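Notes to accompany the following structure.
Here the chain labels run A, B, C, D and E in written order, and each chain numbers its own residues starting at 1.
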Amino acid sequence: MTVLQVEHLNKAFGGLTVTDDVTFALSAGERMAIIGPNGAGKTTLVNQIGGVLRSDSGRIHLNGVNVTEWPSHRRVGHGLIRTFQISRLAPDIPALDQVALAIHQRDGSIGHMWRNKNAYTAVIEEAEHILADLQLSRVARHSPAEMAYGDQRLVEIALALALKPKVLLLDEPMAGVPRSEAQLVLDALDKLPADLAVVIIEHDMDLVFRFAQRILVLANGAVLADGTPDEIRRNEVVRQVYLGSEAQV
Amino acid sequence: DTVKVGIIGPFSGPFAHYGKLFKDGAESYLKQQGGKFAGHDIEIIYRDSGGPNPSGVKTAAQELIVSDRVDYLGGIVFTPNAMAVAPLVQESKTPTVIFNAATSSITPKSDYLVRTSYTLWQVTVPIARWAHEQGIKKVVTAVSDYAPGVDGETAFKEEFTRLGGEVVESIRMPLNTNDFSPFAQRIKASGAEAVYVFLPGGPPSLGFVNAYNENGLREAGIEFLGTAEMDEFDLQKFGDAALGLKTAFHYSAAHDSDANREFKKAMKAQAADALENYASVGAYDGMHIIHKMVEATDGKKDGDKAIEAIKGYEWESPRGPAKIDPETRHITQNVYLREVERDGDILVNTEIENFGMQPDHGLKK
Amino acid sequence: MSMLLEVKALEAGYGPLTVLHEVSFSVAPGERVCLLGRNGVGKSTTLKSVMNLTQYRAGSVYWQGHDITRLSTVERARRGIGYVPQTRDVFPSLTVEENLIAGLRNRPRSEVQKAYELFPRLYERRNNGGQALSGGEQQMLSVARTLLGEPQLLLLDEPLEGLAPIICEELMHAFDKLSREQHVAIVLVEQKVQEALKFAQRALVLDHGAVVHESGTAELINNPTILDRYIAVAE
Amino acid sequence: MQLFSNILIDGIVYGMVLFIISVGLSVTMGLMRFINLAHGAFAMAGGYVAAWLVREEGYPFLAALVLAVLAAVVLAALLETFVFRFLYKRTELEQVLFTIGFTFAAIALANLLAGPYIQLIPLPEWLDGSMSLGDRTLPTQRVFVILMGLVVVLLLWLIIAKTRFGIWLRASVDNAPMSSSLGINIRLVQCATFAFGAGLAALGGALGAELMPLEPYYPLKYLVLMLVVVSVGGLGSVSGTLIAALVLGVIDTAGRYLASDFGTFFFYVAMILLLAWRPEGILRRH
Amino acid sequence: MPIASYSLGAGANRARFAWLGYVLALVVMFALYWFLPGSLLMLTHIAIMAILVMSLDLVTGYAGLPTLGHAAMFGMGAYSAGLFAKHFSPDPLLGLLVGAGSGALIAFISGLFLVRYQGLAFLMLTIAVTLILQSLANSFQGITGGDNGLTGYDISPLLGQFNFDMFGVTGYWYSMIAMLVCYAVLRRIMRSPFGLCCVGIRENRERMAANGTRIYPHLVRLYVIAGFFAGVAGALSAQVTQVVSLDSLGFELSAEALVMLVLGGLGTLNGAIIGTTLYSVIHHYAATANPFHWLFVIGGLLMLVVFLPKGILNRFMNRIGRNVLSLIGRGT
């Protein structure tokens, strides 16, 4: 079943075409990676799908519903969650509270004005759980401003998970996360419901090949290749513009 | 036994110069009397009101009455501040002398309020009559858009049209106007023969008079009919721009009388930079009124007796003869037509006509 | 041989928090050192401390034999220490070209060409605002900007992060050239342990803010205990 | 037609005065991102010094103007070095608190030293008259202000957009530690910029004194006005500040010609519309 | 300044002793009443300002929107309460509700527009709104009394029992109790998920948006709540002083409230009360001791506070906070 369908998406900044007629579909439970040279338009594509950027033309369907004109919060409400390439955390709010906020948002209690937030024990327990899964319990009560960068990246992922996504777009989630911890992220992703579709943008080919069932290669805003990891690895053009000698991995 | 007098005024903020005028006026009188009224030591307690700030002033007045136990209150520059203390004064029977606030409706607010300043009605009605007598038919009014300005505008319009003149345009200028050229241009374009103005002292008066000259109103022969604009506090700042401007007012530092000379002497003794104008004379006379009340009550706190004692009281003030109207408790006084002239190095308001004793026309309607 | 940089028993941190505990190491002119360790052990803090961007508690820092412990960040930069932070810190309100000019200090503007030669991509985007760059482009800009200051010692905090593999290769190549031809010393912090070990001559391993191991890289590659314990290389 | 040209002439003249007293604030607040509510205090200081030099010491007007600006620059450089620089890292509201406190102290000081009086700067003969513009006149002093305004615009534009100092300045504001790491002497850059902003303030205080007379309360009295111009113009945008000042000047003047009973109503409505349309400043698209 | 500490879990225990804090607050009020009978009006004034500053804290402290136009809601509350007393009913409690309601109403109307903006634009727009209201109030002299102020209304005895007397005894208790109730309600609101959400919006809007949280309706809601309480403060002031004047809609009042808030520390209701008290008391005694040059003292105080080492001020504040107010519950 197709959960996300992107059709003929375009975007230009001034004269620069950054997304060039991109079309692809994502099925429930699929694990896909998007790779491509720096500045190929990967982040821009995620921004368009997430609704942060308006597309110049093209359509986006989420679970069969046309969401092209929807504002981003509405897309989030329907299970389309993304993370940011460069951390966007509230620097002075403890991690646990930030995760709790995401859960409140998800279950609709974020606007409650009368009950003490500490009284929502289920929410707090869930938040603690999510952080523990990413081995973040030790910094749960720290705020991002006083965390190492790697920890911040993990908190960002915790936030995405707390929203219980149906489609999860991860923009270089492992950037700044050491290998050892990267495994944690992969483990956490493995534990996600089987019908969750995950798209990951990543430059670390080890991780990409370990994770993805399918790889989409972007170059100059356009889809250069779309196929299984093996196909991509063997693709001569991809090797030239992106992989370089690492293709031997 | 000391008699305590609380003086409320703006001692800080944009109107702080009023505070200094009050202080110099009041203390010069007290010094002149050797620090005692009718043998009683006088202690003045100052309280800062800032600008128009009724709730703060009410607090200050309440503390003066309740914890400092003052026998008299004085001061007050702004009408809303006066309005705020009125109920308190009434309830505590504290005789209170308004040194400045100039709206007619103040004194009826409490039986214990006396006023030694003036009202806009009091000085405007005579100048409207004078304009009519000069054969002026068309006048434009230009006033600052706040209560005294509106009072002046109404007073002028009412009296001038009653006499058969025409007010061709009424301009209200926002209080925080910096550039008066547009108003000057409008006055010029209105075809009027004279302009009645009311502006609070300081920057607005300076700005308006500059615009009056720079935009050629003077050359066009449009007569300037003012009230407080040429007040001594700002007068020297105008320079030649002010020469020949006419205002109707109750006090000129150039008033030729012994009482005024004595006042000036007392002021010089008080401080080198002390300045005689309507605010300091208001304070000076205000202290004189308090002096009378202390005398009448022999230093005891008795509000009713004190107020009774000054109803109808007449004396020679630096401004000329003065009398407290027994009904309104407002000061009845001469209003003069003055013209700015050069006297040696300095500018003075020379009294060129005396309109005689005027009541507060605003209350006598 | 006299050392270029010597850090002696440095204790440093942020506010009340002390992160580094008696860290000592030195770098010889033209030497290539890599700094390894898990998440949050203080690698970035070490580099920042060399730049005097943290608060010192004790210890000292020497540059070419002179005590620079009390010298400001600016002074250190001017004496020849270049720093590429982990967070890139591109100036968002400056264009790409202005960012590069900022790195030039007082040298002529024409020298920005050197940066464009290294990263042609930056030339294409030279009039872009700093905030409108892709992640990888920011990384290139940050590195290029620091190189324009012609440092004698280059502190690189995860410079390969977010770069396409092919660019990574080129960049490591460039660093290699820099150190060989211009004799620039390099301290490299990198998560890609293999790359780092391939590049450097000597490795320092950090844990909990202290140096727990120091050796030639070849030696470290053959020391699975250390690798496993402090760096946790998965493979 | 006559009315229309009057509105335009008076509006532009007034706008130029607004520009000259505000542009320094745009520099400190916009380029340094320092919420300097003490800007008016420097303007007042400049004005007071100019007034004192011309009136009491008999200096020629232009010499006094230059000296007043220099005095403000030196004063600001000292204050920056010993006091203000410690505030850059503080929150905006702490900066507000401090600079308001500073302004209070400046007011009290002016009151103490020079009394609660207006300080006039006597104009030299060549500025005192009026110039005739067909059927109306314009004070020469304001023509001078317009010229000075244009000089300031040009000068600032050159410095900020064209020189390396401009780049260093914007870099230091974006990220001070990173700038230091690149060898930019941010202390020098900051101090120079702050002092420069104060110099502009002083120039505005002295030149604008005809319309906004100098008195102890000056620093607070015109603060909102300056903030309006600066915010509508866009922080740090010199040409934006100029356009905002002219637009607001014309609108305010039109209000005074056409509907003065509404007071400042139109001025603030205009400001609301402009800010709602371009919250980042009149020249910045969002 | 470290803002809102949202340590979780710790609050639960303390909540059980919350009533103790309120009892303590009442004791303090009695003590002040007994020992400072001459200062009741000043204390009343502090209580009213504290409500205004707490309300301001919601907008500026919790949601991070600096405003210099908070007097708009205060003034609306004051004028409505005054006009209500003059033309409809002199009952104080009804008037209080009317004032609060109109504060909330104006906050809603202006908030729909205002909270779309942030930073300097928001700040300037709030100034514009309040100055426009002020100029309207000036224009409609017939209703508002213009700058002579709105006077000539009476307030009937509180609960039919307690007359608003010259010594301000009734006004004192009325305002103090009102402040306490406002504190309790606001504290409760700001410790809810909604309060946390506002802090989240302050700290990082993009982050909240990425969570799918809609910023706008939450901020409007917060602004209305703030308007309600600013309206309460305005109404109290109108009833206790029995005069409303244009300065209640002024920029100066807004600025003064902001200064008090920053002084006490943003994002904590305790800070709002402490800041108000500190500023008012020092202002009062400085102005009484030297009505001519007290501005030096206030100016110096503001500068000093910024430069005091963080630790000292925080420790000082915390101690006050713990001893006096904190039993009620720590920094919401």
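The working rule: a residue touches a chain if its C-beta (ideal position, glycine included) is under 8 Å from a C-beta of that chain, and two chains touch if they have at least 3 such contacts.
Note that the coordinates shown come from a computational prediction; the quantities given were computed from them, not determined experimentally.
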Legend entry - Count of contact steps on the shortest path from chain B to chain C: 2
Legend entry - Centroid comparison with chain D (C-alpha atoms), farthest chain: A
Legend entry - Farthest chain (mean CA position) relative to chain E: C
Inset, instruction - Give, as an integer number of Å, the spacing between the C-alpha centres of chain E and chain D. - result: 33
Legend entry - Intercentroid distance (Cα basis), chain D paired with chain C, Å: 43
Legend entry - Distance between the centres, which are taken as Cα means, of chain D and chain B, whole angstrom: 36
Inset, instruction - Calculate how many whole Å lie between the centre of chain A and the centre of chain C, each centre taken as the average of the chain's C-alpha atoms. - result: 29
Inset, instruction - Send over the residues of chain E in touch with two or more other chains. - result: 135, 138, 293, 295
Inset, instruction - Send over the residues of chain D in touch with two or more other chains. - result: 108, 111, 261, 263-264
Legend entry - Set of chain C residues in contact with two or more other chains: none
Inset, instruction - Any two chains that touch count here, so list every such pair. - result: A-C, A-E, B-D, B-E, C-D, D-E
Inset, instruction - Enumerate the contact residues on chain C facing chain A in the complex. - result: 14, 17, 38-40, 44, 86-87, 121, 125, 132-137, 139-140, 158, 161-169, 191-193, 231-234
Legend entry - Residues of chain D defined as touching chain C within the complex: 164, 167-168, 170-171, 173-175, 177-187
Inset, instruction - Would you pull the chain E residues touching chain D in the complex into a rising list? - result: 1, 60, 66, 113, 117-118, 120-121, 123-125, 127-129, 131-132, 135-136, 138-139, 251, 255, 258-259, 262-263, 266, 293, 295-296, 298-307
Legend entry - chain A residues within the chain E interface of the complex: 50, 72-77, 82-84, 88-94, 96-98, 100-102, 104-106, 109-120, 124, 141, 159, 163
Inset, instruction - Provide the residue numbers of chain C that touch chain D in the complex, in ascending order. - result: 51, 53, 72-74, 77-78, 83, 85, 89, 91-94, 98-99, 101-103, 105-106, 130, 145-146, 149
